[in-house]
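A single structure is presented below for examination.
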Amino acid sequence: MKQEYFKQNLQDPKPLTATINRSVRFDELDPLNIMWHGNYASFFEEGRMALGLKYNISYQDFYKNDVVIPLKKFYTYYVLPLEFGKVYTIETKLHWNEAARLDFSYEILFGDILMTSGYSVHLMIGKDKNVLVDKPDFFANFCFRWKAGEIL
Amino acid sequence: MKQEYFKQNLQDPKPLTATINRSVRFDELDPLNIMWHGNYASFFEEGRMALGLKYNISYQDFYKNDVVIPLKKFYTYYVLPLEFGKVYTIETKLHWNEAARLDFSYEILFGDILMTSGYSVHLMIGKDKNVLVDKPDFFANFCFRWKAGEIL
Amino acid sequence: MKQEYFKQNLQDPKPLTATINRSVRFDELDPLNIMWHGNYASFFEEGRMALGLKYNISYQDFYKNDVVIPLKKFYTYYVLPLEFGKVYTIETKLHWNEAARLDFSYEILFGDILMTSGYSVHLMIGKDKNVLVDKPDFFANFCFRWKAGEIL
Amino acid sequence: MKQEYFKQNLQDPKPLTATINRSVRFDELDPLNIMWHGNYASFFEEGRMALGLKYNISYQDFYKNDVVIPLKKFYTYYVLPLEFGKVYTIETKLHWNEAARLDFSYEILFGDILMTSGYSVHLMIGKDKNVLVDKPDFFANFCFRWKAGEIL
């Protein structure tokens, strides 16, 4: 079930990770009494934001640098349904990429049990509405330190 | 069941009205297989926007005049549950008000049957973030013509 | 700003209360970068469920007794907008009512600051789809103990 | 940009298709004033349901035959952002599959312009909560007629 969504090279630094808990709300349920499949986007987003906050590379940090980071690709793999009132763990990873692009993978867990996995790919768009070829300075600096092993 | 949410004086012009149809989507259902109660806000908003478009007094028209129109009050009265796959009619009324304020009432109907009613009250906020005491010019003009019987 | 939505008689027991925290998620924001007005229903519901869990009178407890508790009325009064990334407190009260009906009031607070208030009224529907005139036994027992001062 | 998400063999019947229009609602917008990325699941679902209704193979038709069809995989590829007030076309295809599984692909178009594409894969779950290995009879019959060229 464990899936590797992004290939890493040997010299790449290890993914950055963040963990956050979340339960399913009543309004997220569907008539089958499980979480509606479209609401996983909100779970993954909450995981992604926890990682952004932890490392100061949130969408607001990009925004302060005149860059927005819209999604290009979004994928969800459903293993087991999420149920009302249970608390799940969202584990998010940011994977190394040389390009001006963000590769996130996600796992939703109930204890040790994998409930869902998925990934999202984000591009970077500058003030002129064009896709950036190079990482913006603040994030290039961040990646430099990440590769140097200063960020864990 | 029919409720009058806003009192009118005899000399007030009649409410403006707009009608739009909408069906319930699968993701709007709850575990009881009826529309979740919070989604009525989206139905009412769609009715309000239909009225705004019809009379050129939409939230975008206000926005072009540096005014936003946030909600101050919102009320829903549930008569019968809305079901998946049925097409409902949303009837929206804008009620006359001398003040810089928008009073909308709503009815959701299935054919002749009243399913839901409700209202919303909106204030007007100017560029300086303060609540407007007087209607902005474009809307004062609109109200002048409304009262003169030129807008129906 | 403080509003009393339900009148109490002198001999009525005091409302039951529950408190829960919640922050605004990115997908709950609207283009004005504040929480969309329809999402307050989810905040109030989360408050209501916290109270239900605390006192064992949740919608699931009613359901186990063949009773559903749909909303009849729902009201929101908007004082200040909710913003992304801030943690708000939802204070929920269940008010005494002799009838087979649930009267909840809600306040959303940021520290001491009142951001929103509101209420919801719920009826009780039995297995035969009819509105109950009398409280179901388990809830009548609960109310007996509530009035006797055994539940706080 | 045009992507083929499911490989077809030469002898496979052509995909079934359905088209439905939908506009973006205010509550589906995010702070960047474009549709929030998670709401595409609702667009795709609406397309899928239009196809189900057209061919009598909706999730309700499966349900009547004691089969539910939960998602196993869901993918969205974002080309251009969706904007408020514009009407988009959702083109949905059901692709032939020998197995007890449903392969849908989706395109959201603005006129001729591809805005979004994606796919979803659904399994079939029987009354005993197990994944079906064989198609249920009503759908096997449907597929027989589809392959025979009787369904277009």
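Chains here go by letter, A, B, C and D, matching the order in which they are written, and residues are numbered from 1 within each.
By our rule, a residue touches a chain if its C-beta (ideal position, glycine included) is under 8 Å from a C-beta of that chain, and two chains touch if they have at least 3 such contacts.
Nothing here was measured: the structure is a model prediction, and the numbers come from that model.
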Two candidates, A-C and A-B; the one with more touching C-beta pairs is A-B
If chain centres are mean C-alpha positions, then the most distant from subunit C is chain D
Whole-angstrom distance, CA centroid of subunit A to CA centroid of subunit D, is 25
CA centroids of subunit A and subunit C: separation to the nearest Å works out as 34
Between subunit A and subunit B, the Cα-mean centres are separated in Å by 38
Within subunit A, the set of residues that touch 2 or more other chains is 26-27, 32, 38, 41-42, 45
Among line, ring, star, complete and other, the chain contact graph is complete
In the complex, the residues of subunit D that touch subunit B are 25-27, 41-42, 45-46, 49, 59
Contacts from subunit D onto subunit C in the complex sit at residues 26-27, 29-33, 36, 38, 84
Within their complex, subunit A touches subunit D through residues 32, 37-42, 45, 68, 70-78, 81
